[in-house]
Every structure is written in C-alpha cells, then in structure tokens.
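By letter and in written order, the chains are A, B, C and D; residue numbering begins at 1 in each of them.
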Amino acid sequence: MTQIADKPKVEELSKEQRIELLRQMLLIRRFEEKAAEMYAKRKIAGFLHLYTGEEAVGVGAIAALNDDDHILTHYRDHGHALARGVEPGRIMAELFGKATGVSLGRGGSMHLFDTSRSFMGGYAIVAGHLPLACGLALANMRLRNGRIVLCVFGDGAVNEGEFHEALNLASVWKLPIIFLCENNFFGMGTDIRYVSAVIEVYKRAQAYAIPAEQIDGMNVLEMYDATQRAADHLRAGYGPYFLEAITYRFRGHSMADPELYRDKGELEEWRRLDPITQFRSQLETQGVIDEPAVAQLQSEIEDVVNEAVRFAEESPDPQVESLYDHVYWQGDSHDA
Amino acid sequence: MTQIADKPKVEELSKEQRIELLRQMLLIRRFEEKAAEMYAKRKIAGFLHLYTGEEAVGVGAIAALNDDDHILTHYRDHGHALARGVEPGRIMAELFGKATGVSLGRGGSMHLFDTSRSFMGGYAIVAGHLPLACGLALANMRLRNGRIVLCVFGDGAVNEGEFHEALNLASVWKLPIIFLCENNFFGMGTDIRYVSAVIEVYKRAQAYAIPAEQIDGMNVLEMYDATQRAADHLRAGYGPYFLEAITYRFRGHSMADPELYRDKGELEEWRRLDPITQFRSQLETQGVIDEPAVAQLQSEIEDVVNEAVRFAEESPDPQVESLYDHVYWQGDSHDA
Amino acid sequence: MPELTFREALRMSLREELLANERVFLMGEDIGAYGGSYAVTKGFQKEFGPERVIDTPISESVIVGCGIGAAMGGLRPMVELMTINFSLLAFDQIVNNASKLCYMSGGQIHVPMVIRMASGAGSQLSSQHSHSLEGWYAHIPGIKVAVPYTPYDARGLLKTAFRDDNPVIFIEHTALYARKGEVPDEAFDLPFGQAEVHRKGKDVTLIGYSGSVYQCVLAAEQLAQDGIEAEVLNLRTLRPLDIDTIVASVRKTHRAVVVEDDWRFGGFAGEIATLIMEQAFDELDAPVARVCGADVPMPYAKQLEQAALPQPSDIVAVVRGLI
Amino acid sequence: MPELTFREALRMSLREELLANERVFLMGEDIGAYGGSYAVTKGFQKEFGPERVIDTPISESVIVGCGIGAAMGGLRPMVELMTINFSLLAFDQIVNNASKLCYMSGGQIHVPMVIRMASGAGSQLSSQHSHSLEGWYAHIPGIKVAVPYTPYDARGLLKTAFRDDNPVIFIEHTALYARKGEVPDEAFDLPFGQAEVHRKGKDVTLIGYSGSVYQCVLAAEQLAQDGIEAEVLNLRTLRPLDIDTIVASVRKTHRAVVVEDDWRFGGFAGEIATLIMEQAFDELDAPVARVCGADVPMPYAKQLEQAALPQPSDIVAVVRGLI
C-alpha cells in the first residue's frame, strides 16, 4: 500500500493522499464484510469484533503518524492493522487460525501483531494495554528514537483502574503517548450514560493535566488533523495528549450480540453519517474522484480481499507439534 | 467519652463540645506516644503507623458525623478509632496482640475493627477499602437507614486504580460517601510532586463530577465545619463529596522509617502548626479553657492511657487452639 | 422431572432468590440491558428493576469491592464477573478483603456474597479469554468454591451459595450453559463438600469437576467398551472438598485419574492427587495420574486449542497405562 | 569467600547490572528517595540518577505494565513490587500480558524483565501483609520463578534473571535479608532449574525453597541428634523446577517431606508431592508428606502467627511419623 509520505498538513494533502484515505476505509469495510461472511461459514471462530462505522478514526489517526510509531489497540483491531499496512492476507489467515497468520494462528481476531510494522498488538483485556503504552513510550524516550505511541481504546475502558494509573503515570513522566478513545457510546450493551460520571470522555484528562480534545470520529480529515496536532505536541517533548473520537459502531459488539440495548432509530441516524459516504461525496464534489474511479478502487479492493481469503483458505493449519513453541522466547536478546 | 450531641453548626459548638475536641486530640497524641514506647519495649510488633500531627483531621471530621455513620480508614487508624470512641484499652490490647483486643488480636495496629460503633475497620492495602465504602453506602441507601459513610485515605492512595473506580461508581450511583483524603504530601518516602499529575488532590474529583474542597487539616474546627457541609450534602441525596485535608505527619511513616527523604526544616515548619497547640491556645485566648483545666484534662488522659496499657498487659494471649476460629462466619445470618 | 439447560437452572434459582429476599441484588457488567454475556440474567432487569439488577461500569475491582461492602452493610449481593479472566482484576479484593474480613475483624464482620463467573476454554477465544483458574480460588482460606457440572448441580449449588454467609465463588463452565438435564421445579439445596458419584465403577476412579466431568464421562463410556468400569466423581465444590468420597472410591478401585482443564503444573489436580496419596497410599496400585490442560497460554487455532485441552482419548490412554 | 548478607548480595548484583547495561533500569514504589522498603536499593538513585532508579506512584498495575511495555520497547526493566501482597493488584498484567505476549504474538514479542518482590510472614504484619504466593506464579506458563535461599543464591539467581529474556518473578523472603553467607566477589550465574543439595542425608528428603529451607535445616539438625540423616534440598527456582534432583534424592531416601510457608490446601507443595509420586512411586516407603502454613488468613498475635507457620518441630514430628 502507498504510505503517505512526510505527513503534510491536512489542507496540503495531495489528491493521491486523500484517495488513499478513502481506499483504506473502503478496504477495511469490505475486508470486515468478508470476515463476517467467513464467520457465518464457520471459517472464523471465537470472537469477531467489527470496526464497521468507525473506519475514519483509525485511518485518519494512523495516517498522521510515522510508519515506525508504535500502535497498541484493543480487540477491535482489524481496522487499525489494515490502516497500518499489515498484509490483508496474513490478517485473514490469522482469523482463519492458520500458520501463516500474523500471529501464527495463536492470537486470532483479538490479537493481531506485526512488530515489523510497529503494530504492537490488539489486546482483549479492557484497558490492559494502556500500561504497556506507558512502557513503550518510556523506552522510546530513553532510546531517543523519536518514535511515539498511539494507544487506542474504547469509552468502556475509561472506567478501569488501569486507565487512571496509566494516564497519571504518562503525565507525570511526560510520556509521548496519544491516548485515543473511540467513543461509540457503548461498552458492549451498556450505555456510557449509565456508567460514566463524566460522559464527555476528554474532560477526564483534566484530572491528569493532559491536554485533550473531542473530535468528530466520522470525519477522516478531522481525525488526521487532530492526530497530527497531538503528535507534534508529543514530539516537542510536552508529554501525552488525549483524543476523544465521537463515533458509532454500525454492527453488534461482536458477532454474538443480540443488540437488545439500542434502538434501530439511533443506528439509522448514525448511518447517515457513514464516514465513507461522507468522505467519498466530499471528494467527488471537490472533483478529486469520480464514479468510475471509485468503482475502479472498489474492484481493486475486491481483488485484495478475495486474494486474502484465498491465501487464508490455502494456508496450512498450525502443526500440533508446535503447541509448545513460543511459550518462552526463542530468539536473540535485544540488549547488547 | 461524651459524644457531641445533635451536631451543632461549628459556631454554635458549646464550651464542653470544643473542650471535647481538644480532649480527643490530646488523647490520640498521648495514646500514640505510649504506643511508640511500648513498641520500643517490643510489647507491640509488626507495623505501627502513628497519626501524630494529623489529629485534627480525624477528630474534626468524625465529630461532625452521627455515631452510627460508617467509618472506613487506612492502616494509620488509631486516631480515627479513638475519635469514634473505641475503647482505648481494647485498642491497646489489639496492638499488644491480646485476646481482649478489638479484633481479638488477629488484626493488630493496621486492622482495628469495632462494628458496635460502626467503625468498619482499618485497611492495609492502599485504596483497597474505597470499593468497600461504595458497597456500605449502597447498602445504607437501599436500607434507607440514613447512615452515611466516611472513607479516609492518604494522598498516596489517589494514584491507585481503585480510587478511580470507586469515585466513578460513587458518583454515577450517587452514593452517600465522604471521601476524605489526608494529604500529608508523602506516600511513605515519596513526595506527591513526583508521582501525582495533579497535586491539588481535590481537583481530581472534577473528573467524576464530585464536589470537592481543600481544607486546613491542622484546624479541627475547619475540619468539623467542612465535614458537616459534606454530610448535609450527602443526606440531602446529592451523592458523594470529596474533602482534601492538608496536613503533615510529625513522625516517620512507620516506626521503621529512616526518614531520609524529607528535611528537618520542613518538619519544623509544620510543627509550628501543631493542631493541638493551635486549638489549645485558641481556646485559651477565648477563655474557654485555662492552664489548670488543660493540666486536669492531661492528667485524666494520662490515667486513661495508663489504664489502657495495664488492661493490655494483664489481658490473656489468644489461645493457640483458636487459630482456626472466624475463618468462616460462625454467627447468625443477617438477612431474614 | 422436567429437563432444563444449565442456564435455565441458574435462572430459576436466581429468580427465586430475587423474589424471596429483597436484600438480594445482582450486579455486574452487561447483566441488565444486554441480558448477560451468557444470557443468564436475560430479562431480569425488566422484571426486577434497575435497583435489583444493576449494570456496572467496566471496573472489576470496585464491582467486587462494592459487593463486599454491600454484604458488610446487610445486603446479599450476587456479583457477576462475566468471566474468570476478568476476575484477575478483582483478585486483590477477593484475596485481601472478601476472604479475610471475618478473620481479621475477630469475627465481627461477615461477607455473604456470591461471585459468579464463566470459566473454561474450547471456543477459540485465545489466551486472554480461556482461563480455568478455579484452583486458585480454592487455595484461599475464607472462600468457598462451587463448580457445578449438571443443571441439577447448578440449581442446587446456587441455592446453597445464597444460604451461605461467606463469599462463594461460583464457577460456570461456558461449555455447560446449553447442556440439558433433569431439574426439579421445587427449590432444593445441594450441600457444599459433598461430591457426587456420577457413574459407578470398580476398576478406576475418574475425578472431575465443572466441565471436566464431561470428559470423564466420555472416557468412561469408551473404557466400558473394553470392559473397564470407571467410576466418575463430580466434585461439585473444590472448597470445601469432599475428600472422603474420593478416598472411598479409591479404596474400591485402587486407581485414580484427576482431570482438569487448567494448566497441569501447579494446578489443583496436584492437591487432589496428594490428598489421595496422603490418605490412601496403601490402597493405590499405581500413582494417581493427572490429565490436565497443556502448560501453554491458550492458542486460538482450533487444532492447537484442542491439543491443549484434556481429551477423553487422553484419559483413556492414561487409564490403560494404569491397568 | 567474603561473607555478605542476602541484601548485600542482591545489591551487588543489581549494581553490576546497572553498571554493565544502560538499558537496565529499576522502578518501583519508594526504591529511590526512601531507599527501598527493605533497603535493597538504598543509595542507588543518588548513584545512578532518577532515570535509572525511578520512584513510581502507588499504582502496581501500571508499574508492572509499564515494565512489560519497556521490555517490549527494547529496555530491560527491573520492577520492584515492594511485597508479593501488592502484586495481586498487578496480577492481570503478569498473567494476561507478561506471560502471554510472546506466545500470542506468535513469537514476535518478548518480555525480558525481572519483577522482584518481598514475600513471607513471621514479623506480625497480619493477614494482608503476610502472603507466600510464589506457587501461584509458578503455575503460569511463560513466567519463571526464582526463590533464593542463601546470599549466594540471591547473587547468582539475580544475575541469571537479568540474562533471561522472559519475565522472571524474583522472590525475596523478608526473613532472609539480614542472613549472612559466603558470596564470591566476581559475578556468576546460577542456572535456573537446578536445585541445590543443601545438606546431604540418606534417611529422608526435606524439600524447601526460599525461607522454608531454613526450617528444613533446623529440623535436620534436630533429627541428626537422634541419628536420622535428613537430606535438605534448596529448590532455587520453582519454574523451571528441578524434579530430577528431587527424584534422585528420594530414590536414595525413599521418604520425602515438602515444606512451604504458603497455605497447605491447593498450594505448590502438592505439585511437588504429586510429581514425586508420578516419577518415583515405587521408591516411596511412605506417602510424601507436607508441612505447610495453616489454612487461615495470617493472624497478628505472635503465638497465633507462629502456630500458623511451619516450624522445625512440625517437620521433625512428621519425619518421625514416616520412619
């Protein structure tokens, strides 16, 4: 995938770069539709949490980072992995539990890892990865490698003790972390209003003296812009930054979700704000892209996704003999 | 001990009531000096955390409550127990590890319990009792018994995840809890400035939409007044209230503390603000009490403390046969 | 007797408790509007209202701690921790408060609460969501641990848990929720500390609890085909543990296999094996064997996960080795 | 060889690592200005600066999680958790992240970190401050657990912990810090998974680790007076566990007693006893015995606490029963 070079200001994004943002969102949308299909066919098992509706958040944020900046996210991680450029085939293979998966079939949907792309993983214990972000940022600071950390989590994670401990530590030690909260108003089936004392999540950052903003998570360019602002703040050595992206998930929490807790009306409201349709028509009205070009993009994506499925299908299962591999580290030591 | 009746406004506190506040502070001071003496004599073992210098906080706060309001506190709990009227003899016996101790010698200094006085215990896991306060308050709400909860902890507890989880829950459920933070600027040997993103602790309550104030913890009447304000807020059904009492401990963290981390100068500064001398001279200038009366008070206290030691000394050790008693509940069930 | 699923049996007992005792309330993540991640409390919030069936923030430590406090304050909370995996975040509250308050207060305080949690692996949820750590809870003095296998167990043990005045960890293996079995309509208590002889036999004793009893049953059926009569024990509770029933069976069979989903090394199966050795050493014709989960974080891939879990075939092979 | 205390031996190894590898850093509560609650890191912050020896907030979960992340990011953190009691608040980070990252990332990530914690009871700290839970850590695949007894062990095992590329839980029994023993000045590694035959004997094998080795030694001395020669094993690490040395000793003595401070029921002693049964059943003249802590929250009163802890006299009595 073409990486966006030297991160221009949002208003200076080239035609190609803006089209690339659209392409990434379309890829994520299509990839997950296919994954859902494969889940129905029992090719994929376990939990499968789709990012559908929230694509602009991850795509906009990650596009504003350098390729070697670290990313840590939650179990709803397909979108972030694809936006970072992790190979679709190896992600699909992971969902299929194949030996060729990014995590060798050991992790599954919730635990995508690709350290070669500084994609440091999807985590399934709510807020459990926030402390890890502190450590990665501390290491980057000490090693003076200029890398920053993007740590993505949901509105439900905000009430966990680890959220509190991590934000306090990050602030005290001025750790270069962007805390990105994907506020889709629900933690599983629980409405944020019933469980959060302060529902404007970004305001919680005040308690840690961390600068914070609320952004329209359905707008990919706003996400890009805000994330760049945050990244500049970090790179200038001012410590962490907090972003609350307002978004909505168009599907259930996971494939198992009966969705008894929210009314379809609300869902329809949000569907009108679909980040892909919004951005697409924006680009069309700006004459950046037209009908046929979009069709072209979509057919390319169709090929990528089908190729990913084929690769996953044809890949070998992990060998049962490998069960005990990687319980302990087998590689080289990283110090010295 | 004479309980302060029907909690008048601070300016309406009678002569006797103000003298009682002084008496309680003097008792705590003397009781702990004696405990330190007994510790040196190895009559007391384990950890012993003295409240010396902070007496006004517990005495003022607890005097403003009703006798059946619940109190939960940390391991630095002698002062709170004495202020609540727990028998000095049974506290000393607990420190001695005797069968007549308030916790039958099983708890020691850090775990004083006297449920007959709604003194629900001292806890030794930092912030570990804050969640319990939520539950007690929830029970009080459901049982509509009008009782509120005072939950006391230190500035160091503020960075624990449980602090965050408890304050959020208390706010969302409007639980009648006074969160009283005894800010003595140090968690063991660690200066709050090095570990807390926001050192004005009361400001952290904003993140949970809990009203909060900072009070002079060396001034017993201010403590009384603020706590009464908080209690009124709770009893009116408005939910939790947060108090930050600025105070200082005149002794080490525990008897073991080498105190390498703070300079004596700072300590001397604070000693000038000794809550007992302050209040005493205030009462003297107001003519509420005079030299001989204070001497009288002190000799009475001397007797109480000596009697406590005698009781502890002469009390029997717990029987080794009782080792397995109370691992599981032996009493009646409280429902039905 | 009517046939009910394990889930329905739990629901029946929970409803009865909610109806019978207004001091009983349920709290946990997604137990209300969502209906419970395993649908055990589905519809309860509508029926009993949000004060009796409370949705909580995702804050495991305060959920459990709040339950403890509520129990101290005179209520009888039932806390659902969704799964045992998340209970690790509430571990300090369980170990340092729930289990110790009665003792360290010199018997002044008691904590009558039930903590329910789903446990077990087998549906490819990967390593962070596939723990079977009930053995850890069984290690804690002051705690009781119930591990129902049948719907009948689920109904009776849950009732007993609500009668108990101590903190009870109530384990529900996710593979069991949909399994059916006979359950009487009328309420009944199943005493803690009494194992069930689930299947009679004379040649070997297979000891399981919660989900692993099923592996024992399947193995026993296979063994029966070669004329080996295995006795299958369903422990029902780990703490208190009914060692007498175990030893009585071993005196008869002289051979025992303990089956457990949890990691083998340092797991609870070792406690059972050791107790048998301590109390029936001379009765043993062979060392007590263990068939347990592999000592690896649970992998996602189906073949790997199945290889990591105790299988009936593993039990059969081990039994053959003993006889 | 010079005599050093256990504490001094730890300090020597820690200083060497800080000097030798700039990627090594220490973090924990009160390890800097205060000097460490057990004075192990006293003076280090002055010597190495606040970037190498970092005081943290009282936030166990993020302390450990931050250590894990720092290890992922290329550093080699040594996290001090003050005591094992507080490690329960970081339990999720250890179980769900530290131990699993290598596996669930398919071998992409490793977590080279040392987590030090004081453990054990005996100084009347009451129930919340008197745990000996190293057996729980030993149960977790992906983790290693070092349990030094002598100052020599402390020095050598800590060096090895810093050589290891996996998370190592390093247990320091508080009763040992002031004990002295011979320790070479020059650096050396003590391999994990190799127990020490601390005292030779032929009549019975006494198996201990960390503080409990001392109880075994005292018991062995008493037994020697009645002509019973006890062999004392010092395990040094629980995971990996050197079962070969244990079995070799039992083949010689035909009797074994496992001694552990932790609660007996469901404790690690059961694992050792079971492994001996599994691997040396026919060598045993008597069931493997356990002398462990009483199954109670630790009481404060001295007599009660001593009654709750394994005593040499208990070991002696048990051995007499075996012979």
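Keep this in mind: contacts are C-beta pairs under 8 Å (C-beta built on N, C-alpha and C of every residue); 3 or more make two chains touch, one makes a residue touch a chain.
Not measured: the values here are computed from a predicted model.
Between the interfaces A-C and B-C, more contacting C-beta pairs are found at B-C. Summarising the inter-chain layout, the chain whose CA centre lies farthest from the centre of chain C is B. Work out the mean CA point of chain A and of chain C, and you get 36 Å between them.
Inter-chain spacing, taken between the CA centroids of chain A and chain B, is 47 Å. Chain centres here are Cα means. That of chain A falls 40 Å from that of chain D. Shared contact sites, meaning residues of chain A that touch two or more other chains, fall at 103, 105-107, 111, 123, 125, 128, 159-162, 165, 168, 172, 194-196, 327. Shown for chain C are the residues in touch with two or more other chains, namely 56-57, 59, 61-62, 85, 89, 92, 96, 103-104, 126-128, 141-142, 295-297, 299. Those residues of chain B that touch chain C in the shared complex are 70, 101-107, 111, 113-115, 120-121, 123, 125, 128-140, 142-143, 161-162, 165-166, 168-169, 172, 325-331, 333-336. Against chain A, the residues of chain D that register as touching in their complex are 21, 23-25, 51, 56-57, 59, 61-62, 64-77, 92-93, 96-97, 101-112, 141-142, 165-166. Chain C makes touch with chain A in their complex at residues 29-30, 32-35, 37, 55-62, 85-86, 89, 123-129, 294-297, 299-304, 307-308.
By the touch criterion given at the top, residues 159-165, 167-168, 171-172, 194-198, 203-204, 206-210 of chain A touch chain B in their complex. Of all residues in chain C, only 85, 88-89, 91-92, 95-96, 99-100, 103-104, 126-128, 131, 135-136, 138-142, 238-239, 241, 263, 265-271, 273-275, 277-278, 281, 284, 286-290, 295-297, 299 touch chain D in the complex they form.
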